[in-house]
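As written, the chain order gives the labels A, B, C, D, E and F, with residue 1 at the start of each chain.
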Amino acid sequence: MSDLVTFGESLLRLSPPGDNRLEAATSFEVQAAGSESNVAVAAERLGAVSTWLSKLPETPLGKRVVGELHQYGIRTDVAWSRTGRVGTYYLETGGDPRGSNVVYDREGSAVTTATPDELNLDQLRDARVFFTSGITPALSPELRETTKYLLQAAREAGTTTALDVNYRRKLWSPQEAQETLTGLFPGVDVLIIAARDAKTVLGFEGDHRQLAHKLASQFDFTTVVVTRGSQGALAWHDSVVHDQDAFETDTIEPIGAGDAFTGAFLARRLAGNDVQRSLEYAAATAAIKRTIPGDVARLSQSEVESVVSDGVPMVSR
Amino acid sequence: MSDLVTFGESLLRLSPPGDNRLEAATSFEVQAAGSESNVAVAAERLGAVSTWLSKLPETPLGKRVVGELHQYGIRTDVAWSRTGRVGTYYLETGGDPRGSNVVYDREGSAVTTATPDELNLDQLRDARVFFTSGITPALSPELRETTKYLLQAAREAGTTTALDVNYRRKLWSPQEAQETLTGLFPGVDVLIIAARDAKTVLGFEGDHRQLAHKLASQFDFTTVVVTRGSQGALAWHDSVVHDQDAFETDTIEPIGAGDAFTGAFLARRLAGNDVQRSLEYAAATAAIKRTIPGDVARLSQSEVESVVSDGVPMVSR
Amino acid sequence: MSDLVTFGESLLRLSPPGDNRLEAATSFEVQAAGSESNVAVAAERLGAVSTWLSKLPETPLGKRVVGELHQYGIRTDVAWSRTGRVGTYYLETGGDPRGSNVVYDREGSAVTTATPDELNLDQLRDARVFFTSGITPALSPELRETTKYLLQAAREAGTTTALDVNYRRKLWSPQEAQETLTGLFPGVDVLIIAARDAKTVLGFEGDHRQLAHKLASQFDFTTVVVTRGSQGALAWHDSVVHDQDAFETDTIEPIGAGDAFTGAFLARRLAGNDVQRSLEYAAATAAIKRTIPGDVARLSQSEVESVVSDGVPMVSR
Amino acid sequence: MSDLVTFGESLLRLSPPGDNRLEAATSFEVQAAGSESNVAVAAERLGAVSTWLSKLPETPLGKRVVGELHQYGIRTDVAWSRTGRVGTYYLETGGDPRGSNVVYDREGSAVTTATPDELNLDQLRDARVFFTSGITPALSPELRETTKYLLQAAREAGTTTALDVNYRRKLWSPQEAQETLTGLFPGVDVLIIAARDAKTVLGFEGDHRQLAHKLASQFDFTTVVVTRGSQGALAWHDSVVHDQDAFETDTIEPIGAGDAFTGAFLARRLAGNDVQRSLEYAAATAAIKRTIPGDVARLSQSEVESVVSDGVPMVSR
Amino acid sequence: MSDLVTFGESLLRLSPPGDNRLEAATSFEVQAAGSESNVAVAAERLGAVSTWLSKLPETPLGKRVVGELHQYGIRTDVAWSRTGRVGTYYLETGGDPRGSNVVYDREGSAVTTATPDELNLDQLRDARVFFTSGITPALSPELRETTKYLLQAAREAGTTTALDVNYRRKLWSPQEAQETLTGLFPGVDVLIIAARDAKTVLGFEGDHRQLAHKLASQFDFTTVVVTRGSQGALAWHDSVVHDQDAFETDTIEPIGAGDAFTGAFLARRLAGNDVQRSLEYAAATAAIKRTIPGDVARLSQSEVESVVSDGVPMVSR
Amino acid sequence: MSDLVTFGESLLRLSPPGDNRLEAATSFEVQAAGSESNVAVAAERLGAVSTWLSKLPETPLGKRVVGELHQYGIRTDVAWSRTGRVGTYYLETGGDPRGSNVVYDREGSAVTTATPDELNLDQLRDARVFFTSGITPALSPELRETTKYLLQAAREAGTTTALDVNYRRKLWSPQEAQETLTGLFPGVDVLIIAARDAKTVLGFEGDHRQLAHKLASQFDFTTVVVTRGSQGALAWHDSVVHDQDAFETDTIEPIGAGDAFTGAFLARRLAGNDVQRSLEYAAATAAIKRTIPGDVARLSQSEVESVVSDGVPMVSR
């Protein structure tokens, strides 16, 4: 029985070493990466027993994804499939003004055909929190249905539900996203959303405090977390807004910081911390994550706590 | 205007360094690889100006394929597409009894939708030889049509046509292959086929000499080349069978040796060598290819000639 | 509840890439390696749910060992310690006549102080088989006591006990090994021993069949497996000797083949196969293992089965 | 027929990975690098069909240079030589106050003996622009003659001529450079020059606008581009001076940015853009180039355009 | 006969490439590293013939340490031992707020048992300066005795003695350090100490000038150097305080900068420079060192001099 | 004072990793390599204090060569030059029938201008043996003079002289070699020569015993060693011929085995072993060398002795 169950896709992330370009790559670093598995890892590191649900083809590549996630310390409960691929994406990282670039190659992945009867729903019924992101319903019509079903099943079992909007413009249009996500919102207790997405996708306006208030009142969420990258985050909860600055950080890898934030926030809430304290842990986790190569928050709770209690550490020897 | 035009798919080959397993891979070496581009490179190295026709998505990955093929020295004439992927495959190499393993991930690639009107048919009409492999029609119904059309267009333009059967059991069944390929044979002048495929796919029986005779007589080919790996190859031409032993070789990479053989054979025929001499070049090219990492015959005509004229070289300094 | 529980040390194996010498190394490949964790992985791959018991320091290095073992698919139950190191060894591999060389640097590792009360004995009491190797009691006086205690606890709980003699001359003398191990034998049901060790350490004489008979009769084992490297293995069981040839193999990495053999043998026995069939699986597993870099049998049961049912596979595509 | 033809040397650039020192190097990254081939690549990427003329030894290293340049997308027309080397240089990159360091090892390279009759002058006669840099005549007395001849041949054929002064103090003294280059200026239409070189080498004084005016009036150039690194660039043309700021950039690799600037400027002029617009493209190309490892502007016109039309991109996914 | 003799431990530093975490490491870069060997290398590079005294096990790893130090250009005089290990430490480097982390694994190293009679004391008796750091007596009771003995032996032979306090909190407490080090101070001529250590370990107060004065007067040193990282350093000598700013630097690797500073200071004093000039060299050496990967100051005196005489160099070509 | 002094060139050897081709290389492994430095290293490892004399440019590359040779444990006495390059060669290794290929790029190296007055002749006058190879006089007319002078200077000082013919067809013709080398022979005491070179270069005939006899009698050598690769070696000394088989070996790197043989032979003769015993050490050293990547015999005397006293070692743990 897990504290947190997440559902979604984990892809193979193929990335040229260093600052190399995709067109020049003679090798790729490979890593399992996906918003919901990232969230599970971050939560596990911050104290929550976490399980990732998904569907994968029974190939060496599918097995590789699960092996890597086990290495990070989480549990998995996967529907093994004879058809479908392991989704991939190609990531090229680069400084300004080049910027980083993602080439998705994830169509036809096994998880896009996942139906509720293939998944071990007892996992989410027995959990305390169920999490998925807005990426999942963006992947296929089947997954829109499945996501809705899972949120409902969790709700019915008394499991708190959490959703990170995580809008990806290369997957769907703002209009499609709005329509689908607002259809899911009635089943969601905790919403995490970037201020940018609240505006672009949902069409809300105002400063971040206003965004949180409006979202909470319109969709009746228990908690709304609005993230603003290097400008911090805030959470609406019980009609109160809690504000949190971002910690300063030397960014090695921006990708995965949002997932680390979310996982840490959920884990600390599960551990009984109040909203303000959980935000502080979440911001510190995200700051450390940005110093770690790859998508995943390979860090420990004690490292997060030493950032929370301030002191930027020197070389420790 | 090229001596040789080939049509087919070139994929990204993703392969863990050394003898590492796919499940353990933290990085992949990446290379553009495909039977028809391999054949074009080998032919170019053996003296034939060669062009590869295909269809690719206009992404950094599609551009990467073309850039790599240019590096090998061939020309390309590609239909750039806004949809479809670059096909990939994962290759794990290993000694016996593990063996090597290929995981194809090539469904939905751009080339599978290639139609004759998207391709620059003048290329093959102006060429002296047009080549494709049995892999191409295996990839999609559209490509079965397109392959047939191209063979016909070449024939009508007076371009000699060549086909390597190259049966891939992970792509289609022997029955499907037989039906499709025998439908193409009337448009083919030069057939290259592994003895194994002649039996398994086409249902022929007998020793390799008999296979060549039967194939030639049944389908009215000008030339039939039957390959037998380390046991050598033979060619039927003008009712005569020419036999050629394989050269001894330290195999680093078995993949691509067949393509190297075929490219060299076609190039030497184009250069005016007789069938026996061309077989000798082809066997020597395949032997050198097996010492070279990757799919592609990165070698020179003078290296092939020094093998043909015997002497296994020592360290040359 | 596991089918198999193993107890022992897993070290960090530090090895220069390729055939490089230790004196020339500018980098090391690092891997968690240890006889008992290797056995657990091989058994898991062959179908037995497996757990590794040990003691490690609560440092990033200790966590790294556990993370890696999780990646291989086994469970761990570790006593976390504030003192002691993670043991290491440096491995240089080389062809003849250089040979491979191991420099042990494992003194003072946390596991050398492990006492029964620190370990979760319920794990082995609930298991069907408990396994350790002769390396474990070689590591410290405390571990000699602990090993004896664990064998006894397993026996009392009705858990079958298995021991691989695995003599290491850099750890102790034949005399010390003989004295300690023969003291443990009364608690052992299944003995695995290299023919060489039976002679050098235990002082037995005769051919391998005689060795098996004498060992079984003198120490009252249920099963005795005598291994002879490339010459195969044999097992004495119910007064019958079963013989098994080794499979031909292209050796990339000899280290870990014995552990793979043992893990597979135990797993197949647990799965209900008879001794002869289990030996066959064990020999096939060892053969595949030798083609895989590193200590660990990263392979699948279906791969083993395809070797057992003969066919050395070609490139499969 | 090319839009742009360039003539010069491309060397093998040997560079330790990362920030490593030459004295500590155990490996070198290798790349073909040279001002004129760099300019050709940048121009090709910005829309101009480009060909590089040179002379190379017919060795695997000479072939390697040409293969790499083909990969970048340009054409080559090389005089193959039985004597002479491929020039090399060793590059160590490092932060301040260490700085980067180049050790030239280029004496005796094949191109230093190139005479006009060895080169395919039809290439530059058929082109719209011919380009070389001040490095070329610095390499040997023969190349001073050849450079002069080529500029004249281009002029006579109605091909616009362009020269980048590109002073290298490790190749010749300011006095030698001044004497040689001013002797070439009468054959040059478009001059590109660093403000620093205008002062140090040519002895001009004043701010950059004055430098441009004086150069244009004294030598009767059609266009003079004065570059000032991070302070931008300006162009004198038809008695008007056009100013352009540099774009902000995260510099990974400063080397090659000047060549990227020049190639882009020439390509956009060839494409019909006015001087101001071409400068803007050139500055954006240089800014992106600085984020790309290696000498070469591996980028696309659309990337340059997205910088020109402002927006520094975020991770695009 | 050396100008400088140093005594201490050199460990194998095992560090994941790039910014990778220890828990994620699949390989380690390895380097010989230790304060006293680092100081010897820096001094050698700045003109002082330098010898490192130590004790190592006669294993490939011990030989590797000596080979690497020879590569840096220093001499070694090592007591070869049949027991004891080569100490190691694991270094993970990371930006803020993660920080770098060192996991020491150095207990039981051969040098911790070094006694004066095992060491070639003629080396330090014949030298002009003898140096060790506060790390050495922290390693074992035997080394406390040995350090004291060596300082005395040097003093008696008329060799100037120098000590860098170099407090390491993972080795001993401030109280232990204070007690031991103040017991050694009477044998020390030149003290190097971080302002931070003067406060934390020795309990001194005041600004850095006051710290220097108090230390000099209380312990009767000839010279006291107080270092303050990026805020510079100062030296008390003959009752005069000399101040030196730090040079600006792009830090690639902070570790070893203090050792580089000390080695350069001692070398320039040995070369006859006055205290102010020596400080300037020391600060420039430390600044360049920070741009060099690894512990060791792989640089040349001429590079240091070009920084001292100002100019931050551009790419030099 | 050294036992052995050698004189010659050490080049930077640039070699693509693995079996990669030069035309495909994106990186090179780099190592200092040269017959005379290789011989010095092998001799040092077998017990002879060894010094390498040469001339190098005072650049980071020249320093790199010396640093690497120090790492191997030998002494160097180098004339530092302001002109000339560090010679290089590109090495591509490959199995049959491709073979390995060397592209020399060593013209104009500093050592080619070395004159006796630039070299520290006291080194060879104080040594017991002076060694050079036939490569040295092949490099330039100056070096022919210098080699002759050094052999004479050694002879006059009572230093035994040794020469390895080491014919390189890419450096000079058999005729040039014969003329030059036979002119040097009167100054040589110990000749080492491949049977192949005795025939091809010197025009001798007969089996290897006859070759040794004829060489000894015609040129009045004290000792003649005739090597025959995998067929062993023999030595003529005091009118007796001593025969030695080659040891079986897994060849990783054939290059440098001859130098290892020669260095070991000279070192064991210096240590007082008789000719037969020294041949045995030499053959064992060459066999181990062939298992070690790179040019240099990174091995220990004890490893050689364990091969001499037979036993091919297993994994030692």
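Here is the rule we go by: a contact is a pair of C-beta atoms (placed from the backbone, for glycine too) under 8 Å apart; a residue touches a chain by one contact, two chains touch by 3 or more.
From a predicted model like this one, the values you see are computed outputs, not experimental measurements.
Any chain bridging chain B and chain F, meaning touching each of them, is among C, D; the list is complete. Steps from chain C to chain F, minimised over paths through touching chains, total 1.
In the Cα superposition of chain B onto chain E, the rotation angle, rounded to steps of 5, is 180 degrees.
Among the pairs D-F and A-C, the greater number of C-beta contacts is found at D-F.
Annotation: the chain B:chain D pair of sequence copies touches via predominantly the same residues, more than half of the used numbers being shared.
With centres set at the average Cα position, the gap from chain A to chain B is 44 Å. For the pair chain E and chain F, the distance between C-alpha centroids works out to 40 Å.
Rounded to whole angstrom, the centroid-to-centroid distance between chain C and chain D, based on C-alpha atoms, equals 62 Å. Multi-chain contact residues of chain A (touching two or more other chains) are listed as 21, 23-24, 26, 63, 67, 101. Contact annotation for chain pairs lists A-B, A-C, A-D, A-E, B-C, B-D, B-F, C-E, C-F, D-E, D-F, E-F, with touch applied as defined. By the touch criterion stated above, chain D contacts chain B in their complex at residues 63, 67-68, 70-73, 300. Residues of chain D that touch chain F in their complex: 14, 17, 21-31, 59-61, 63-64, 67, 85-86, 88, 90, 92, 101, 103, 105, 107-108.
Across the interface of their complex, chain F is touched by residues 18-21, 23-24, 89, 94-102, 104, 168-170, 254-255 of chain C. The touching residues of chain E, counted against chain D in their complex, run 247-252, 284, 287-288, 291-294, 298-299, 303, 307, 312-317.
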